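Before anything else, here is the set of structures, which you'll find just below.
Two complexes come next, and they have one chain in common, chain A, joined by chain B in the first and chain C in the second.
Showing the complex of A and B:
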């Protein structure tokens, strides 16, 4: 039913494996879909990475580890947000389009870029996306 | 994964709900979840007590016709007094659903906001919501 599933992830807290990540992984396995971990960073250094390149490497390693552990095809989709306070939700929508996602699984509030105290709002995404959105609470 | 799935449908426009029904049925089958089908219907008469008599037989027919015996399905009817989003969220709490699966019309243009009930339920529900497009 679904081929490409996207799940926004906060690398600073991904080790806790919140419900959204688990739900996304289960659905990817059930539908034999590719799971994209979508992570947002900025041009400026954060607690996760000093540069967008370092962030990409970390996200790719995370996806590879999760994919191997879960037995699913997992990939990384890093995005650089110039102004996450304004654009994060819109940047996420654009990223979902770039990977041709047909389903997004996300917590009702995704921390996103922790250092900037910005969160993405699943309600906004659910209202604006053209694809299916699974809001996990 | 879900134990009880609330599936609001409107039997007057089943096409809108086709994908949602498929998705909910598939989840229910995979995870052994109970499917609670809900019809938020306009009150047929001033007395809402007559609502179940009017709509439940139709909903039961639909449920019996649409779903196989391998999943547990409940049929629920609630009166639509102008705020179906509220009725759906309340129904989810009442039946103990941990997931709502809802169909919606697709936004047409890039900047079009989906004002559908599904998007509103995604905002307001106390449990997980799957907006199926």
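Showing the complex of A and C:
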């Protein structure tokens, strides 16, 4: 039913979203789908990486490790957001389109980036995405 | 340049992680202690200055002439160093280093990039001084030119104005912007001013020396911005009084600052792409419309030929104008040049950081040509159109409208008096007021982005509420200084914060050079 599943991940807080990652992994296994870890970074150095290239490498390693551990096909989809404090939702949506995802699994908030603001990333994505969205609470 | 210089430092020599000194409280993500020191001092300053308005005015009234006359040589020699440094980099082999690494590509088109750096860099000043300054220098020419000699005075008036809006200010910005872009994108250091000093201070920049540099940058930005916001409020309210008879009282100005800050808040919450960039582009279109209108409705031919003759006058006189030894024209040198240099320097952390953030993917050479040469040409055209037209009105038509605003020194009215004798006065003056307001907003929103980034330890993804805090306080500082002594206090505050930064910037040039020499792109 699903061929490409996307799961947004914040490498700075990867430990804080095990439920979403776990759900995405099980779904990917059940449907024999490709799982994409979608990570957002800035052009300017961040706590995770000094450059977008370094970020890509870290995300690819993360995907490879998870994929091997879970026995699924896992890939990395890094995206560069020019102003993530504002544009993250829109940038995520664009990334889902670029990998032709047909299901998104995400925690109601991607912790660390905007979890203290009123709006919830998943809420916005769910109402704007044309594909299925699985919100993990 | 394959005989690679052995770098004294490398990117890997620091373990510093962006945001490692940050604290997360109340949903904020802020640098400790830069945010606290800056915020507490600013809040304290606003309260103190409002309580003791007369004392504030007296203090700043004394401070400005003291600084500009005692330290004129500091401002003037450092600005000259910046111009030479930039010109040197354009022709040097380091010009081919690409910001963000050899494979980086620019994120913004030339048009969008240029709109943002110009709107942030000069903004309201062009509206405020574009008409007044050429006329003022025409009537009181520097370097001992006789004001009775109309043609010589006209040439010197234009040259002196362009001097203040040409290579020197943009070199000041370029130095800061290049240095920040380089250390951030090529060396992976956080996007704050302190990172530029890594080659000099090593890991000590993450400690107190760095805290002091960043805090100074926050103050310089806040006061520099507040000066421009003050100019904007004065001019917009003068325009409203002139056009619609709304009295230009303190109340009007405060209401204007509050309303415009509110628009800036919307822009800053909408983000870099949907808010700041879009507004900058609207801003450029409006500015271009007004510029074309003045050229077409005014003495078209005189402006078009004037562009080349004025550029010539500028290049002939720029050396003697930048010299600060054995000068007699102290009114010009202290009252204008030194003030401008201090003002541009106080703006440089803000404009520099903003330009840096949107400049990834350009080469050093491309960067300097675009930040130094092209804006200078635009300034020459702008000053020729606005100031040249006003001088022509005096010389050819004996129209004294602008001259009266100069004699009475009400610069906020000069633009409207110049437009008065052109056709469609209502439309063009209204466009002028709108432009002042949009320039105001574009300065305020990009300024808040910058201060937020510095006080978040270089994080560009800190919560939006922090931008809201800084945008609000920029407005408050502008109101406070306007009430406590008006523009004189604003200007003095900008100069006072610009002074320590002049020294900081000279050191920054040296650090940038050291960094460029060690860049791996030079070894290939």
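The rule is short, and it goes like this: the second predicted complex is superposed on the first by the 125 of 137 C-alpha atoms of A that agree within 3 Å, B and C clash if a C-alpha of one lies under 4 Å from a C-alpha of the other, contacts with A are read in each partner's own complex, and residues count from 1 in each chain.
Everything below uses one rule, namely that a contact is a pair of C-beta atoms (placed from the backbone, for glycine too) under 8 Å apart; a residue touches a chain by one contact, two chains touch by 3 or more.
Quick caveat, the model's predicted, so the values are computed rather than measured.
After superposition onto chain A, partners chain B and chain C are found to sit side by side with no clash.
In the superposition on chain A, A:1 contacts chain B only, with no contact to chain C.
In the overlay built on the shared chain, the residue A:42 is in contact with chain C alone; chain B does not reach it.
In the superposition on chain A, A:50 makes contact with chain C only, not with chain B. Of the two partner chains, chain C is the only one touched by A:82; chain B is not.
In the superposed model, A:71 lies in contact with neither chain B nor chain C. When the two complexes are laid over each other on chain A, the CA centres of chain B and chain C sit 120 degrees apart as seen from the CA centre of chain A, to the nearest 10. Note on the superposed arrangement: chain B and chain C approach each other to a least C-alpha distance of 14 Å. Touched by chain B in one complex and by chain C in the other is not one residue of chain A. Those residues of chain C that touch chain A in the complex are listed here as 11, 17-20, 27, 100-101, 107, 184-185, 187-191, 269-275, 357, 360, 458-465, 467. Those residues of chain B whose C-beta lies close enough to touch chain A in the complex are 1, 19, 22-23, 26, 30, 106-107, 113-115, 118-119, 122-123, 125-133. Within the complex formed with chain B, the chain A residues making contact are 1, 23, 26, 30, 122-123, 126-137. Considering their complex, residues 42-47, 50-51, 53-54, 81-87, 113-114, 116-117 of chain A touch chain C.
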